[in-house]
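First chain written, first letter: the chains are A, B, C and D, and each begins at residue 1.
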Amino acid sequence: MTTLENPQLNQPSSIYVPEPAEIIKMAKLTEMEMHYELRLADGRPLGQDPGQFVQVSLLGVGECPISLCSSPTRPETFELCIRRVGKVTECLHRLSEGDTIGIRGPLGHGFDVNEMHGKDILIVAGGLGIAPARSLIQYILDERERFGRFFLLYGGRTPQELLFKDDVVRWRENPDVDFHVTVDQPDSGWRGKSGVVTTLFRELPKLDPNETLAVIIGPPIMFKFVVLEILSRRIPQTSIYCSLERQMKCGVGKCGHCQVNNIYVCQEGPVFKYAQLKALRESVE
Amino acid sequence: MKPKIAVFSLTSCEGCSLAILELENQLLDILGAVEIVNFREAMTERDCDIDIGFVDGAVSTPTDVEEIKEMREHCKALVAIGACACQGGINSLKNHQNEDDYRSYVYGDGAKHFPTIKAQPISAFVEVEYELPGCPMVKEEFLALVKAVLSGQQWALPQTSVCVECKKQGNLCLYEKGIICLGPVTLAGCGAICPTFGSKCEGCRGLASDEALQAASINLREQYDIPLENILADLRFYGAYQEKSLP
Amino acid sequence: MKTIDIDVKHVTRVEGHGNIVVNVKKGEITRLELQIVESPRFFESFLRGRHYREAPHITCRICGICSVGHTTASVKAMENAMGITPSEQTLLLRKLMLHAEQMQSHWLHVFFLAVPDFLGVGSVIPLANTHPEVVKRALRMKRLANDICCAIAGRHIHPIAMHVGGFTHIPKVEELVDLKRRLEECRADLGEMANLMASFEKPDFNRDTEYIALSDPNKKEYAFYDGKIASTKTDKTLDVDDYLTWIIEHVEPHSTSKHVKTPRSASFMVGALARYNLNHELLHPAAKDVAVKLGLNGGSTNSFDNNTAQIVETVHCVEDSIEVIDELLTRGMKLEPLVEPTRFGRGAGTAEVPRGILFHDYTVGEDGYITDSNLIIPTTQNMANIEADLRALVKQLLETDLSKEEITLKLEMLVRAYDPCISCSVHFLNVKFE
Amino acid sequence: MLDRIVEKNELLELVDELSRERTIIGPVPREEHYFYEAVKNVRELDLGFNYCVYSPKAFLFPPTETLFRFEAQDGSFGATPVLEDRPQAFVGVHPCDINAIRLLDRAFSRDHADEHYLSRRGATFIIGIDCPKACIEGVFCVDMKSNNAEEGFDIMCYPLEDDGKGQVVYGVMFGTKAGREWILYHQAGRAPSVKDERDFKQYQRQKEQAFPRSIPYDVDTLPDLLERSYDSLLWEATARRCYSCGSCNLSCPTCYCFDVYDELDMTLTSGERKREWDGCQLPGFALVAGDHNFRGKAASRLRHRIYRKGKWVREREGISGCVGCARCDRACTAKISSIEIYNQLAEEV
């Protein structure tokens, strides 16, 4: 006797069970961040959109949401960059290559790359925000001819805390991207620019408000200032993307932790248009 | 090498150490995973380099002060177990009485043989890695902590109030029966065992937050006509509130 | 002529902290003390100014191991002081709680504290490797005793639902049915326990002393919950309210602790052996059988027999618990409101707790707040007797060619046989005593 | 339109029969209140329209449940989902709680279907009993338009005649095929007569008058009202009394937020991933790494809860996030009342 008609009922599975993935490579980026290259145990590509995330599980410890930092255009493996801040992330840092972790995903809504095709792209990333940004950066570089001009601004607190230093070097050399990096607190060895990330806007040529899509990923405090810079260049609110962070327990729109007003960040986000966020009163407060 | 675990007692009823022995179903597994040394209730041999030291009891005598400092030196991690070790516990009731008076009331002329100081949590004297509050401590929490430490994980107390667990138990709230329960202001983790067994929460696990205490001072006075002084007297039962003068 | 100095710091495997100091010069004992190094706790003082309902919840925290015993004595004293008559159902549930505590405490003592001595290992921990079946059985039995307390009052250490005037929770029928089944199954474990005990050789040591325990004036039941104060040295019995005429506290010059004597003897013994000596005819037949098997007769003067008496008592407790559960199931249980006081004033209460007779004594003012209290704990009462025993045993052992270590072990075993609960015993220096 | 007329005794006999294949869960008196509990015997049930302290939510979405068991096997792992589908029947569920279950059904089946909820739900047969009047003072189900249930039950029983001595005649409406089959297969009751239909109309008319209204406006305008009240001082003022104890969340039939945690076995190689009820009023609910709390103040949490109930859930799921059962109001020992808040907001704007 079944009283609720639901086709899902006969599947003896659970959306909460992760699938195994092997750590192919692990590299320490800074004291706090570790870079992981992973492959699903069945070898299938993850198939993410840039900006999406996965729930990373350590059985017996817990689960947490982590953005993908690699592009689907490089499907053999997928990459994560994880900052050690608490229970799960600390245990993740202690793993070694060859270990197996649990993955659920890709989850959420990433960047709408189709909408981006043909446009000039401006990415502004601060701190750990470079990780989710990197999936989009890689995508754009891999599909370079489908985009217009490509500006990338990256700000870190100190030179030591800059992530993906190899990439930073490569991007700097790469003629396909107009890349600028700055640190808040330079040390004696730092030859590059210093100051908060908004100072990098000086380095940009004139932007075309109707042809540019801007992407902002970083801590809430950075967000406010960067959005002002961008809006002041008359780029419409519907052309600005950003990514939100919230506590997430399920990643699939049930547990309620990531709810901001009437939306669930894990489902409608984490990538949003600024126009949409503006109406969400708690989104960046 | 199995990690070495030890259990000590300061001023207490030793109920918290005993609670470990009441983990009958897990005790052999625990013994299999750790080496227990210097467990006064269980053995004669003594040892020094201890990975985790569990301490029950408040610091309430000059000897306690020396002992806790010595324990700190011998233990890589120190865990305060029970209300006495975490907040001073029931021993701290004397902190609100006149010292000469309580000493001579109990020991008369013999009082001089019983040096005592204000009952205080062990964190007032030494650094403490973890606290397992409750009178007695919650043995399931002890087990969870041991497992977390053995598997190299962080561990933290819940941050909610007892009402959460009471609701999960499906209890009738005691306020419905006109009983003033301390559940709303008390830190969860006990599974709301007192309300589940029909008795008001007595606050043995300490305050959930200062904000909750603020709310209590408005609510109990305005909605229930109870003076703040009475609420504080209740919260003193296990040292959860000690005029904020401690340590 | 021997000269030995024994200084056992922290007698292990007893509840709390205690030291034994023995100095013998040329065959003469120059100093013998059982020292208490437990921190003073001032419970009598805490009680002043607290509401009468809090008394059991405060005093049970004197000792984690006899928490139910303190609660029982406390509610009885308070009900006596305030003119409260608890219901039949309350009495049955209390008896069951007290039985469970005797079991849990005696088993803990026998298996965890005493058996390692007999099997020659330092503690219960190596025992888990050498005799896993003994440890597993002990844990199973202890779990059962605790589960009884959990079902009725929430937990064994600091029971929750046991209040002045009744219970705030009653066990579910299914829970009692299940506990009864487990109690019945426990009989096999009890048999094994008796066999194990029978295989040990107990030290040959006798010293005549006075034994004091509660005794049922109607000679109906082996007294734990209630009765009159009785002694092996007199046929007279005493109401609990008059306990101070027999239980006389006095200061011993060598000790900072008060000792307790009776009008008849400088020391006396309370606990399982005292109860057994006074009330053994009232034991359940199954318990009597075990007593016979273990060679315990009504007039033992060997304090080491206390362990044996504990085992016999737990057999009785298991059997009686089954009967109490049957009675509860037959009469049916319902949640009753706590009985309210009808007066205020002074009242004493007593109960036989694992280590012996326990007295609580309160005075409550009109406003329901406590003004005065006195608590006399079994270990306090036994202290003088332990010292007297130690003195006699040292003398006896000096005649042998045992080494200092062997003598020390025997002395420790003797102290342990009393199952002293030193956490509680500091309260005996009570000058309030008139 | 009624589908059947069944007397209470006969219904109970059927339920008794049903108890052979399903666990029966219904209102049981305890400590002068009513609770949904599993019963061994249908005689334990009290099928009035008594207010129950909690809804039957816990039998569909338990306070704690295991999502899966796991076992580490040299380097890899195995995880086995734990799904429960033991047949059960809720007997005597009121319209408010049925409406709340409808909301849970929708929330747990949309997008990523939650098999843990759905497998229990799929194994649940629901016998509703309609309320002819407000079950207890303080409920505002009529204001929330939740005092009638159109769907979400297998059968719904309307107490048409009540002789006051326990003899009740129910007008029964079928909600599902399963409900229809259950009644018809057992040939229970009789077909409704024209008089029965007339009685039913009469019952419904009386019912309309029998629920006192507590909110002075149409609940459909509540989302707009809330829209304008985001910056009201009311939140802060009311939240000063809030303990952040979460009792309101945990007693609410429409709250379904949860936390997820792992529990290791003593072996440390196997264990369970579990979930347990959580609540948006609890202080750590929106905390993230770096100790940034997106709703660190009790006021913003209180506002979130009220908005969720009165606006956001409705906007998202198309049905009201609050069914007006007042369980939150009754559970709050600080006497913070959602109905009072809804009223004060109307006064303010």
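As a working rule, contacts are C-beta pairs under 8 Å (C-beta built on N, C-alpha and C of every residue); 3 or more make two chains touch, one makes a residue touch a chain.
Being a predicted model, the structure only gives us computed values, none of them experimental.
Novice: Pretend chain B isn't there and tell me which chains still hang together through touching.
Specialist: A, D | C
Novice: Of all the chains, which has the CA centre nearest the overall CA centre?
Specialist: B
Novice: From the centre of chain D, which other chain's Cα mean sits the farthest off?
Specialist: C
Novice: Using the touch rule from the top, work out which pair, B-D or A-D, shares more C-beta pairs.
Specialist: So, comparing the two chain pairs, more contacts are at A-D.
Novice: As a quick test, compute the distance in whole Å between the mean CA positions of chain A and chain C.
Specialist: So the centroids are 66 Å from each other.
Novice: In angstrom, rounded to a whole number, how far apart do the mean CA points of chain B and chain D lie?
Specialist: 38
Novice: In angstrom, rounded to a whole number, how far apart do the mean CA points of chain C and chain D lie?
Specialist: Their C-alpha centroids are separated by 51 Å.
Novice: Using mean C-alpha positions as chain centres, tell me how far chain A is from chain D in Å, no decimals.
Specialist: Here chain A and chain D have centroids separated by 38 Å.
Novice: Would you give the residues of chain A that are in contact with at least 2 other chains, written as numbers and ranges?
Specialist: Only 60-61, 86 qualify.
Novice: Find every residue in chain B that makes contact with two or more other chains and list them.
Specialist: In chain B, 151 touch at least two other chains.
Novice: Would you pick out the residues of chain D that each touch at least 2 other chains?
Specialist: Correct list: 31, 264, 268.
Novice: If we use the touch criterion from the header, which chain pairs count as touching?
Specialist: A-B, A-D, B-C, B-D
Novice: Touching chain D in the complex: which residues of chain B?
Specialist: Touching chain D: residues 26, 29-30, 33, 143-144, 147, 150-151, 159-161, 163-164, 166-170, 172-173, 175-177, 181, 183-185, 208-209, 211-212, 214-216, 218-219, 223 of chain B.
Novice: In the complex, go through chain B and note every residue touching chain A.
Specialist: Listed in rising order, the residues are 151-154.
Novice: So in the complex, which bits of chain A are touching chain D?
Specialist: Of all residues in chain A, those touching chain D are 1-4, 6, 8-9, 11-18, 20, 41, 59-63, 83, 85-86, 89, 98-100, 102, 220, 245-247, 249-250, 252-257, 259-262, 267, 281-282, 285.
Novice: Which part of chain B faces chain C closely enough to touch in the complex?
Specialist: Residues in contact with chain C: 9-19, 21-22, 24-25, 27-28, 31, 36, 39-45, 57, 60-61, 63-64, 89-91, 93-94, 97, 101-110, 113-114, 116, 135-136, 193-194, 196-199, 202, 237.
Novice: In the complex of these two chains, what residues of chain D are touching chain A?
Specialist: 67-68, 70, 72, 75-77, 79, 81, 83, 87, 105, 107-116, 118-119, 121-126, 154, 176, 178-179, 181-182, 230, 256-262, 264, 268-269, 271, 273, 275, 278, 280, 285-290, 292, 294-295, 300, 304, 307-308, 311-313, 315-316
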